[in-house]
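Given below, in the form of structure tokens, are the structures.
The same chain A turns up in both complexes below, where it pairs with chain B and then with chain C.
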Partner chain A sequence: MNPVTPAIEPRLEATRNACKLCTPLGACLVFRGIRGAMPFLHGSQGCATYIRRYVISHFREPMDIASSNFSEGTAVFGGGENLTRGLDNVIRQYHPELIGIATTCLSETIGEDVPGMLRAYATARAGSPDLPALVHVSTASYRGTHMHGFHDAVRATVAALACQGATLPRQINLLPGLVSPADLRHLREIVAAFGLQAVVLPDYADTLDGPAWDDYQALPDGGTSCSEIATMGQSLATVQFGRALALTAESAADRLQATCAVPACKLGLPIGLRETDALFDCLARLSRQAPPEPFVKERGRLVDAYVDGHKYLAGKRAVLYGEEDLVVGLAAFLTETGIVPVLAASGGKSGVLRQTLTEAAPETASKTQVVDDADFVQIEAAAKALQPDLVIGHSKGAKLARALDIPLVRAGFPIHDRFGGQRLHHLGYRGTQELYDRIVNALLEKTQTESDIGYSYM
Partner chain B sequence: MKNQEAPQGEALREKVLAGYPAKLAKKRAPQLVVNHTHADGQVPPVKANVRTTPGIITQRGCCYAGCKGVVLGPTRDIVNLVHGPIGCSFYAWLTRRNQTRPPTAQDENFMTYCFSTDMQDENIVFGGEKKLRAAVQEAYDLFHPKAIGIFSTCPVGLIGDDVHAVAKEMKEKLGINIFGFSCEGYKGVSQSAGHHIANNQLFKHVIGLDDQAPEGKFKITMLGEYNIGGDAFVLEELLARCGFTLVATLSGNSTINQFERAHTADLNVVMCHRSINYVADMIEKKYGVPWFKVNFIGAKSTAKSLRKMAAFFDDAELAARVEQVIAEELAKVEAVAARIKPRCTGKTAMLFVGGSRAHHYQDLFAEIGMKTIAAGYEFAHRDDYEGRRVLSSITVDADSRNIEELEVEKDPKRYRKILSDEKRQKLASVNFEFNDYQGMMPQMDDETLVIDDINEQDTQRLLELCKPDIFCAGIKEKYSVQKHGIPCKQLHSYDYGGPYAGFQGAINFYQEIDRLINTRIWSFIEPPWEVAASPTLEATYERG
Partner chain C sequence: MTRDDAILDERRAQVLRNGADGPAMACGKTSAAGSVSQRACVFCGSRVVLYPIADAVHLVHGPVGCAVYTWDIRGALSSGPQLHRNSFCTDLQETDVIHGGEKKLTRCLRELVTTYRPNAAFVYSTCIAGIIGDDIGAVCRKATAEYGIPVIPVMSEGFKGTKKDGYRAACEALASLIGTGDTTGISPHSINILGEFNIAGETWIIRDYLTAMGINVVATMTGDGRVPDIRRAHGAKLNLVQCSGSMVHLAKEMESRYGIPFKRVSYFGIEDMSQALYDVAEFFGDAPMLRRAQELVHRELTALLPALRDYRRDLTGRRAAIYVGGAFKAFSLVRALRHLGMQTVVVGSQTGNADDYRQLKELCDPGTIIVDDSNPVELAAFVREKGVDLFIGGVKERPIAYKLGIGFCDHNHERKRALAGFVGMLNFAREVHATVTSPVWNYVPRRRRLQEAV
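Take a look at the complex of A and B:
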């Protein structure tokens, strides 16, 4: 039976059950991935609180975000004074190496000149040994999604700190996007195996997935240091993940190429064989070294698993949603396994979702319904007509999976209805392998649970 | 592990304050108070409900959070439409795990739904009223709900969108109740402002619309119970068993029709004084319904509250049923307490949460022999610390002045003199208090530390100095507290456990605290090679 392709429900004026988060959240995640940095929101204190509680619910780690705490009066008369006091207090209490200042809708709506205020602040304190690097990123939530905040913060950090200089021949920049701490650790391992040194931005592998403390850590251990970021202009190349990002925005990689002549290698998110092959191929070229044997074996095992699991997956139909680059990465992978991504949805609206999907998953792209600027009401309506077998995405798809009575394989962010979201692997041959196993097992579990006989051989 | 040398009283207070630069310490000092209850019940003043200093990492949320998330969150049949950019709506989407029980699958429940105008750049520049109007129409077309609430986020007030005008216009057009909330995030100093704005609007636009009282004797309305972890379910069942008729709850497991007829009760009982005491006052003034404070957290407090309610109605049969329920339930509670108390006695707790929870939960800890050594609220006012006796001496600052105080008059048609002057006097003669709340501090031991609006740095200093056996707060504090090897119990969301109200709730709580503080996990934190004079290592060296 071949279900008809449904017409997508028209987008209403209202967004119902959003499939995106707000821009400053993305920026705060980036600043948490810089060593000794404090994320700071210029605007209402509630934004800091909401974002903290949301990030914490996924990572199950402390996440401090300071704010300039506007009052009604500040909203009318401007927040310069609050910004100064806020920065002073953060510096005195936390002694950060960097403060990442993102704006909220409040300060954006009243049109605060934050760069000007920060220049004045730094000038007034010039020479002070305590003065940290101040990085500003404009993050009005009425412009874009959390991914815009994320990528803009990476670009702003690079723009503020990276300098030109003699090329460091064994150093590359790695801009992974919003991936899990486990993925970050794995990426580091891969790059190191090629004999390369990676400056990863952001790197919250330890700050958002750290051990118990011996002593209080005002700012959590880990992250990429300002001095490392300063050398990003001297790297051999910048490796950036995200096919949609590559087509839509002036990214940090573009910036480094334009200002410091660091070549940009723009890849898809390395999920599945082909996208991961592209990463290994890129690293092999940069390092002039063949992919190390353990990873070649991982690739071999992944292919072997594809063969072994094919009977369970071939022809199955999946619904994907989430950030555009994650959706494209998942589609590229699923297509290799025999699964048809029948629906690819995102709250983002870059306009390139269809194009990037066609490039990354050419075999099935014509069978994939693409919905951007989507909310979960649209996704659910479209999914119902498509008769899918499984859903892959973050926790907000739980309602959808329940309505369709099919498994939800959790991936991405936020995952707050399961334990260990921060430790999920998605990337590389190894991450793909784990994701693949989870998908096969989710389908097996459903078959087993629904069987009257109770087979223990599946 | 336990810090025997932990400083106390003024010494502890000074050590916590010493962490601040001088100027900040001076500003912060009146918010840290060593408790001392004088013979007349007076306690030292606490500076509360004042704006957090910029750059200080507070527990507090915003006005919108208090309005949309807390007060209107647990009502299932109002469509809540957030007017603003997407984040505010997304972050308030079922995060408090509001529970509700529609009587049938056909009954409306919009709580799982997150409805936002998702304002974009052009709406900020050209105004968002047109989009809001369209969204209200869509919500109506989709659901035909009884009511729609519109919640304003920060940009709305700044760009001058008039949500109340849109609400009025659409109410007339669609013929259902539609009301707006000017709960922009920057108003007030905490979510407390949002509670007030939410409750004011419910009072203006909903309460009193339906004079049809439910059938039954001993009608009460429960104010300030938000059904976290299913608390309201436990209490509904308990009250019904005792013979009370629950007209409405504001707002745990509620419907709009409950709100509409809330004024038909003969008694209002107030759980969370902070979020709703002014509603109790307004209902009394307008409709004549008397109120008093109760506490259903803790088995003894629950028994005491039920007895007080029975005494109010002065009915022998009711009193007998209440006594019977208390006897049956206390027997079960005491059996569990007897098992757990020896494992918890002498342990110490700190509670920094909410506007009443830091007070109420001390009762539960006391029932298993634990001592509260420090406590404070996130968004309370002075009266919640010191009692309503200080109400007249509270100074109103610019942040509070911006929150509307409603002028209320007697409703000529609906006002009922429920409590005769004679009866009121008679009850007063046996120390029966109406319209009163003693506050948290008189119940706490002398020399304990009270901290208002605790922040991340205070918390860290307290943990290091005192090493309490348990710390109660919310999810933002949970993981940094636990990094120290100290368990943290969330009292906002109950760590998605509970219920903890009533008698069954007390049993659940004792068991939960026992599990948390007596876990063996903390003994594994240090690996053997880091323990001084490790026998394993010595043995290895000797052999080598």
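Take a look at the complex of A and C:
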């Protein structure tokens, strides 16, 4: 018998332990996924430093972000000169092929005309062989979450660089959203197996999870090049992940469809059988090839694992939190296994969390409490009332899992309290399998640890 | 990349080579636009100094980023309340930016003060709060009157200077608390500990040493800090100031306001830790206290020195780079490394002043690169040029070292192992030894290439 579902208490107006990050962070991650690109924040120095530290603690890789380093005078008289000097200095020190300029709340609020400044900069340095591509994205932190910054940066990059042209019949665009480097590598493998070539944006698989270096790389190897991005207008189609994204914003996929007539295939984050099947169906249709044998077998093994593990999971109650699209993907997967996602929470507030959950996992309509614009104090209070068996999400739920004395299966970003977050798989049959194994084992471990008997078969 | 390329023209006066004739370090400047400075901002400076006060509400008046990136960020331990480990934020939205955030701040303060019943509340101003012109002081004055606890504005707008200005804003916030408590019953042998943040319990180690000498600690600022203790800190006879950059301002303020002298000390390394204890004993001019300090140092060193000998044997001749926030910490590290037989060949800080760099020049060997407000490209060039075996720094320096196959010691505020005191010296030696002598470097491409070249 399930406990009576209590109503979720509204949260205080003060945000307590936010379940979201700021917009420029998302933009910086995107620019790190472009070959030879340098992220640049137009505003105070602290924004860049804090974001660097936060990102480094997850990926354990260098993450250089330049800043125009506003002073009090800059805030009063404008940041044009700082922007110019800053770009000059970044070009001197880094020799980038692209500089991604994201604003901050400071430069947004004083009303900086960054596009105008960049045009003037490019004009003044026209003909210089060092002049990189300059991509601007508006990322006021008081507007939206890190996911807005992320998707807006993808759209701004495409808008700045992609050109129309003859269709490249074996090339697709892949806009995966905020996923792990391991997921990005797996996605490239899947697409390649269909005989297609993917332009993945962003692709920080190597820049944020690279090998040990022989020599220091100011800009780490890897990422999608500007010339590849330029061809995105010629791709056969754009495959974009994220059901909430699909409903709420003019995305890069929309932009490519509107300006370059590249058809958009909008899918959910491919976690679990149904959402991954949708991706494979889509790729099969675009490539006119049946799903390749190794992946058919991966799918078969996943179903087999679902069967082998189903009694461990039957009726287990899970709390989910994180970016809306990740929560939807996780819920779609969990409902296939017998786990009941009793709470789906996000710090985002697109207003479509309930709707997208119901679309991806109709089972959630009656069983899942949904709360958006949530913070962790609210999530913890709601979770306590719901008596869950496990928590699935990033590191910042560790405190609530500890308070409830239940396992936290870590997924998404950031993983600051465990090793190897950048190498976790979440997507495809393979990623789902990995998640599934980790979930079953987390529950088995708890049973074993708490048992007096010391079972050696579980 | 050549060395010339690594250093921006406008930064050349901030890089010295020890022993070479030349001008003094050009420091105390704002960072060059476009340089990837390792510094944060004014807000960061204030937030780190006040963060460990465990019985206060810390409310960030600004956008979510400033609050969420400083949520439970440090290893500053509390022996009691854990309120400081939360991240409270007004989470300003576009409508607040347009219409002003004072009302929202007032409401958020009410919620938090009535929910948590703290002994004080600190309200941090951010870039955005400063730009939209919210009168945070007025909101705090009203809240102080309404709730009967100190509600203190911290004027830490990110763009109004450097991290050091944030330290100053934090000191001013603390100064407004000091002098408001009752000082009866404070012993004549009493001190305050300033600039110690109880990372991994370090304040407790220092406090234990002092207690063993017969000293009474009135307030620790801010490690394991409590508002009632801070309010009566003016009853102490001496301020012991570590991490000079962050707290000297407060010490000077307390000297002029209450006549409390201060001593600058460091608790890292054998000499500095011992000297700190002797300085306190000498200040009180108390012979039994001095004897107790000598006995304590003797006892600790009798255990420590033999333990260090094995580490020193393996580490002798190895070279180190140091890049830390405050230069004062670098002095101690240079000396501590010498105890391990290691030579410092690169040393720098985010916020050192002219005097700090003068002292570093005296302390370090000829040829040592001394740098102010450096960045990853420079640091990578310096450690490659000097062929270091160890880098001491924080989270942002760690990947530079690791990518180049260099050992690393975390000397930051996230560390989980105490590095202060005599026990800290042993921990430090263990950590340095563990990283420098690790077998993993045999497999790193750069180190293999360098070994093959020899």
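Basically, the second predicted complex is superposed on the first by the 458 of 458 C-alpha atoms of A that agree within 3 Å, B and C clash if a C-alpha of one lies under 4 Å from a C-alpha of the other, contacts with A are read in each partner's own complex, and residues count from 1 in each chain.
Basically, a contact is a pair of C-beta atoms (placed from the backbone, for glycine too) under 8 Å apart; a residue touches a chain by one contact, two chains touch by 3 or more.
Since this is a predicted model, take the numbers as computed values, not measurements.
**Q** For the combined arrangement obtained by superposing on chain A, do chain B and chain C clash, or do they fit?
**A** clash
**Q** If you stack the two complexes on chain A, which partner ends up touching A:T74: first (chain B), second (chain C), both, or neither?
**A** both
**Q** So in the superposed three-chain picture, is A:R285 touching just chain B, just chain C, both, or none of them (first/second/both/neither)?
**A** In the superposition, A:R285 touches no partner, neither chain B nor chain C.
**Q** Is A:R418 contacted by the first partner chain B, the second partner chain C, both or neither?
**A** neither
**Q** Would you sort A:R402 into first (chain B), second (chain C), both or neither based on which partner it touches?
**A** It touches nothing on chain B or chain C.
**Q** Taking the superposition as given, does A:R119 touch the first partner, chain B, the second, chain C, both, or neither?
**A** Once the two structures are laid over each other on A, A:R119 reaches no partner at all.
**Q** Output check: A:K297 vs chain B and chain C. Expected answer is one of first, second, both, neither. What do you get?
**A** In the superposition, A:K297 touches no partner, neither chain B nor chain C.
**Q** Now for A:H310: first (chain B), second (chain C), both, or neither, which partner does it touch?
**A** The answer is neither, since A:H310 touches no partner chain.
**Q** Going by the contact definition given at the top, which residues of chain A touch chain B in one complex and chain C in the other?
**A** Shared contact residues on chain A: 12-18, 20-22, 24-25, 40, 43-54, 56-57, 60-72, 74-75, 82-83, 85-90, 92-93, 104-106, 109-110, 140-143, 145, 212-213, 216-218, 399.
**Q** If you look only at chain A, which of its residues touch chain B in the complex?
**A** My answer: residues 12-18, 20-25, 40, 43-54, 56-57, 60-75, 82-83, 85-90, 92-93, 104-106, 109-110, 140-143, 145, 212-213, 216-218, 399.
**Q** In the complex, go through chain A and note every residue touching chain C.
**A** 12-18, 20-22, 24-25, 40, 43-54, 56-57, 60-72, 74-75, 82-83, 85-90, 92-94, 104-106, 109-110, 140-143, 145, 212-218, 377, 396, 399
**Q** Per the contact definition, I'd like the list of chain B residues that touch chain A in the complex.
**A** Contact set of chain B toward chain A: 20-21, 24, 51-65, 81, 84-93, 95, 112-121, 123-124, 131, 134-135, 138-139, 153-155, 157-159, 185-187, 189, 398-399, 402, 456-457, 460, 463-464, 474-476, 478-480, 482-485, 525.
**Q** Which chain C residues qualify as touching chain A in the complex?
**A** 1, 5-6, 8, 10, 30-44, 59, 62-72, 86-94, 96-97, 104, 107-108, 111-112, 115, 127-128, 130-132, 158-161, 375-377, 380-381, 384, 395-396, 398-400, 402-405, 443-446, 449
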